[in-house]
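In the two complexes that follow, chain A is the common piece, with chain B as its partner first and chain C second.
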Partner chain A sequence: MAISISSLFKKEVVEEGGKLMAKQRRFAYASLIPILLYMGLFTLFPIVWAVVMSFFDYTPIREGSGFLGLGGANPFIRMDNFIELFTGTSKPAEVFRLAVRNTFLFTTLVLPLNLAVTLPLAVILESINERFKTLFRAIYFLPAISSSVALVTIWAYMYAPGWGLLSMMFKAVGLVPPKSWLQDPNTIYFGVPLAMIAVVVAHVWQDFGYNLVIFVAALQSIPKTLREAARVDGANTWQEFWLVVVPLLRRTILLASVLTVISSLQVFVIFQLLTRGGPKNQTQTMLLSIYENAFRFANNLGLSAAMSMILFMIILVLTIVQFRILRTEWEY
Partner chain B sequence: MTKRFPLILSLLAIASIVLTACGGGAPAATQAPASNEKIEIRFWGHQAPAFNEANQAKFDEFMKENPNVTIKYETFPWDVFIQTIQTSLPAGNTADVILIPGGYTCRYAAGGQLLEVPADVMTLEQAQEVFFAAPLGGQTCDGKLYGFPAEYNLEYGGAYVNPALFEAAGVAYPPKWEDWDAVVADAKALTQVGSDGVMTVAGMHYTNSDQLFTYFLAGILEQGADYFAEDGKHFNFNSPEAVATIQKLMDMAQKDQVVDPIIFNADSEWVGDSFAQGHNGIGVLGSWYAGDAKLAYPDLKFDYVSLPPMMGSDYKFASVGGWGYVVGKSTQHPDIAWKLAAFLGANQENVLFFNSRSATIPAMKSVAADPKLVESAPFLAPVLPILEFGQYQGNLTDPDQLAYEIVYPTILDAIQGNLTAEEAANSIHEAANQMVDAAE
Partner chain C sequence: MNVEKKNRAPFWILGKSGAYAFLILGLVATLLPFFYIMVSSLKTDAELRKTPPDFFPQQPTLKHYLTILTDEKIPIERNVANSVFVSLARVLITLFTSSFAGYIFAKYHFKGKNLAFGVILIQIMIPFQVVMIPNYLLVVKFGLIDRLWALILPAMVDAYGIFMMKQFIESMPAELMDAARIDGASEFGIYSRIILPQMGPPLASLGIFTFMATWNDYLWPLIVLTSPEKRTIPLLLVWFQTQHTSNQGLVLAASILTLLPIFFVYIFLQRWIVDQATQSAFK
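Showing the complex of A and B:
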């Protein structure tokens, strides 16, 4: 039986449809309650608490007199923590400013190295036989899903001075290895301490699997016709890659860059276990400073919270800048 | 209805935040329980096999004597342990009894987080008769006793020696050094360098963080000076004695070349494992490592011998105090908690057992004088005679920051040839006093 369009707009039908929608909406909202409670408890509250703490001279060791131990022995000090970090002469402030520079240096080294390794590797992986593609993808992704602590322990043995694997390999091919890969403050290449280079290499090895998988997926989505058209026009392999594939991957490169920068700015395990910020604070990073001031030195959670706020602002600004630079206005 | 639901959900989210904030905090301790009431006492300690085994044995004994008490023993890796204590303090769910590391008791006591030892358990005057001054100092804050020292932390006055390396180098074993020059002479003979000029075996590994800090303070004291300024809070780290101590530490590496500080330091070839792996002939480290070394390296042959004073003729040193048994203020059963703490830390027989099993130096004078101690832990013998010459390190404001962020990195930098002794002393002096000023 034909249904007229006008019948769909009869009042009774609209009201019936409205009730169903309301029930569905109630179900959806009710389903969100557990996750909202979870996020409120474990995500939102810690963030708000950290923001509040950054304006206090707060340590859990002292018994405060106000809400959640604030006030009294843990006084409100307005912006003093931030002023101290930017201009203070105390050791924690000086080390933190150095840590900011080191963190930027680390990120500046990791990002291009990561992209330079993963992008060509993804193209090669994409071009090989399907059987081997899955196998190699799994192999390259293994470090990304393995325990960070276990991997760093292995790298620590590789970097051991004298008898470590890297030093032995150098000697085996007739080269002289550095006296210490991780603890020599006087070995610097192009302004970058050797310890920092060593950590960058270990980190990129551990981390490149993520971007590799992202790029492989993105390459698969590029229409073959575009690449075939380039070949028909006489482009060689390099020209096809650089002039066709890379521009088409701009959005993916943006995504990979943003994720890599965000994660690089927050790397902790590898620095804590390999170098602990040494030698001479050459690998001291912001996360290490936050951790040490919160849990090792003076338990100054207020100062550590201020440091984490600064890190948050840096990540936010960098993310916005990256989105502006790498955005595209076309689709395929 | 549809408009109200997002509002209700938002209110729920806010409620969850507020409930989280208002949660935590233990209710005040109740009155003494009836003798047959089941009580659980939580005990926190760090993960160290020798310590854990010794403690567990005594817990079993305590529970036999007090059948209504169950002791729940929770241990944590070292790095996590301090964080666990700190995060539990404001939450009010710290363990009843904690075996707390040296130097931390007064930090927490000053914040009102620990209970004072009740007078009917032990008074400070009684404790001064029973315990050595240095470890007791670590548990005494503003003239009040807050715990029982479990051991006398000593990173001074003793070293591990490897008989195989001594024999290979043709150096007399066991060593009996009359003075520090004799130590250095043997260390020079024990040093091994590869064909590429890189040191493979350090003659003497002393460039660890705890050792450099301990010997820096000790060097100043041995020369008859003090590292505190007149006000007792600020420091005097650029005195001629401080400079001379740093110079000595530098000379041993740079002139005598008994250690390569770039390869051997706290973060690379840590002294204990380095010694156990045969990478140093003389490892300057506290006797506590003997217990762990025996467990981790059962085939390792070694001895622990006494070292002479480095900068003078008399032993003088500062100790961080040592591990101590304290009771958190959030305990529901303070009487039982103190009973357990006293059972472990103030009972001579139990203290002897713990120190013997863990190869830790006793804080209790009578245990140190007990011949059974040396029979069961012969590694302690070399350092027992010097215990009376130690003093508690005092209120260093933030001992960890002073030791690990200021003193150790700066002295290591000087030993590595990047600073003169004067520059290092001045840098330490300035940074340390800034730390004190910031804390005020």
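Showing the complex of A and C:
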């Protein structure tokens, strides 16, 4: 009797527990389904749509026939958008190929300049008094939190021809400033147009705060004993930097570099507003081309979608690299 | 002892004062553009046209600021209200969806959980310009072109926010939840009365970030908003740049006014903001 009661009781508890679990599961599903549907509508479906659209000659101006207006007047053209972008002679295709080159040029210039500024600055910053460190770090990060549009206004004023602050500074130290920083297509240094250099400088100024705070955080996590040991062994600060700090920061530098490249490939505001892609398309970039072909000069969304796929593939490879770096085991 | 002293001397030949000199050089380079625009925005029109210009205004004036704030032709109240509305709506919605979904992922066990989380994380890996064109067409289909909801609807769920909240909630003890269940709390009640009140710091970080990102957002509003009274602040500023090329003072003052609200937030919350930015790199 006693045994059966206790077993009955046990069974009830289990059942009760099972019911509880089922109730919780229902709650979890009911809560997540709207969120997943939302992600489906605004992330997954658009990705698929963009991929499909890149194989169509699509513009919303023409009424298509099939699902989403793809088909009929907006025909399926297989790889033609991509073939056009890589080899075609139409204006958008030629400008896009220039844009690809410019985007890579921009990224290639931004990365080393960014590291050359942020690494030494982070090492010095890390070594000073805590109170000043916080203050300096906060100020260096100021451009990074600012509205890009406002910063472009600032730089347009700094780069104003003749009487802009940069020209004035050049004159003050006895240099001859260029006639026009942003609009002269004929001033080219080592194959890099002056306007591109101007954009790179403005962008690095705006963006260096991110890598700086990442490096400062990484430096703080390096055990003091490692650097002290190097010093006890007679290393000077220069050697300590190159032989201890840089190798220990290798993973962080790699990660910061990948993040910098990914974000540099997608810079928009400064190109659209400071140079408008000019002069003579010297600062035309991939994202600017995508925007202009889709929304500004033409409504050629199929071609723009193909452009965005090319940019996406490049970024995807870099993102995979980023995740691999993040997953590597790391210990000081 | 000697080591400790050397520890404070960073660069090999620069020494301590050299290090500070380098830092201050960086400081000047960072602040000079802001400072120059600020002082220039206080110049009179005549002074702005003067060549070569003086660095500081000779007769400082707030004229340009007053023009922007009071001129009837500039719908600044509307534009500020638009930015505030969109930013607050996105902050509140993102905080809710992130913390709620984060709670589900952190505290419930069910089939397909990893798959569902993976689906959400896809958003982090997809650059904006890939979904930009289809999302524009979606907004057209929903009839939201030139409406502020076009800025809110596609940005209601933030995968990074969910990820962040999930990590935070995972570290909270399950005992509290069980105790609340015994007391008869509903599952949603556990979220709203037990979990949410403990989430101040991470919600604040996410909220600040969402606010700044929305306030500064430019490309998406540029695509979906068309009429002057629907503009957000960055669009207003760009309109200023194109309309008032001859009136530099107005453009400069407008830039400063655009920057100020974020600077104001930043002064009080800079530690949080910088820490959050650092962490997001290692997400």
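Basically, the second predicted complex is superposed on the first by the 281 of 332 C-alpha atoms of A that agree within 3 Å, B and C clash if a C-alpha of one lies under 4 Å from a C-alpha of the other, contacts with A are read in each partner's own complex, and residues count from 1 in each chain.
One rule holds for everything that comes next: contacts are C-beta pairs under 8 Å (C-beta built on N, C-alpha and C of every residue); 3 or more make two chains touch, one makes a residue touch a chain.
Nothing here was measured: the structure is a model prediction, and the numbers come from that model.
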Partners on chain A (chain B, chain C) - clash or fit: clash
Which of chain B and chain C A:F45 touches, first, second, both or neither: both
First (chain B), second (chain C), both or neither touched by A:R101: neither
Larger contact residue set on chain A - chain B or chain C: C
Partner chain in contact with A:L32 - chain B first, chain C second, else both or neither: both
Partner chain(s) touched by A:I315 [first = chain B, second = chain C, both, neither]: second
Chain B versus chain C as contact partner of A:I154, first or second or both or neither: second
Chain B versus chain C as contact partner of A:S90, first or second or both or neither: first
Touching partner for A:R78 - first (chain B), second (chain C), both, neither: neither
First, second, both or neither for A:Q183, with chain B first and chain C second: first
Which of chain B and chain C A:K280 touches, first, second, both or neither: first
Overlapping contact positions on chain A, where the chain C interface meets the chain B interface: 25, 29, 32, 36, 39-41, 44-45, 49, 60, 68, 162, 295
Of chain C, residues touching chain A in the complex: 3, 6-12, 19-20, 22-23, 26-27, 29-34, 36-37, 40, 51-53, 97, 100-101, 104, 108-110, 116, 119-120, 122-123, 125-138, 140, 153-154, 156-157, 159, 181, 187-188, 212, 215-216, 218-219, 223, 233-234, 237-238, 241, 248, 251-252, 254-256, 258-259, 262-263, 266, 270-271, 273-274, 277-278, 281-282
Complex contact set, residues of chain A against chain C: 20, 23-25, 27-29, 31-32, 35-36, 38-47, 49-50, 53, 60, 68, 117, 120-121, 123-125, 127-128, 134, 136-151, 153-158, 162-163, 165, 168, 205, 209-210, 213-214, 216-217, 224, 227-228, 231-232, 236-238, 241, 255-256, 259, 266, 268-269, 273, 287, 290-291, 294-295, 301, 304-305, 308-309, 311-312, 315-316, 319, 326
Interfacial residue positions of chain B with respect to chain A in the complex: 1-2, 5-6, 8-9, 12-14, 16-17, 20-21, 82-83, 86-87, 89-90, 107-108, 110-113, 194, 196, 198-200, 260, 262-263, 265, 267-269, 398, 400-401, 404-406, 409, 413, 416, 418, 431, 434-435, 438-439
Chain A - residues contacting chain B, complex: 22, 25-26, 29, 32-33, 36-37, 39-41, 44-45, 48-49, 59-63, 67-69, 73, 89-92, 95, 160-162, 171, 176, 179-180, 182-186, 275-276, 278-281, 292, 295-299
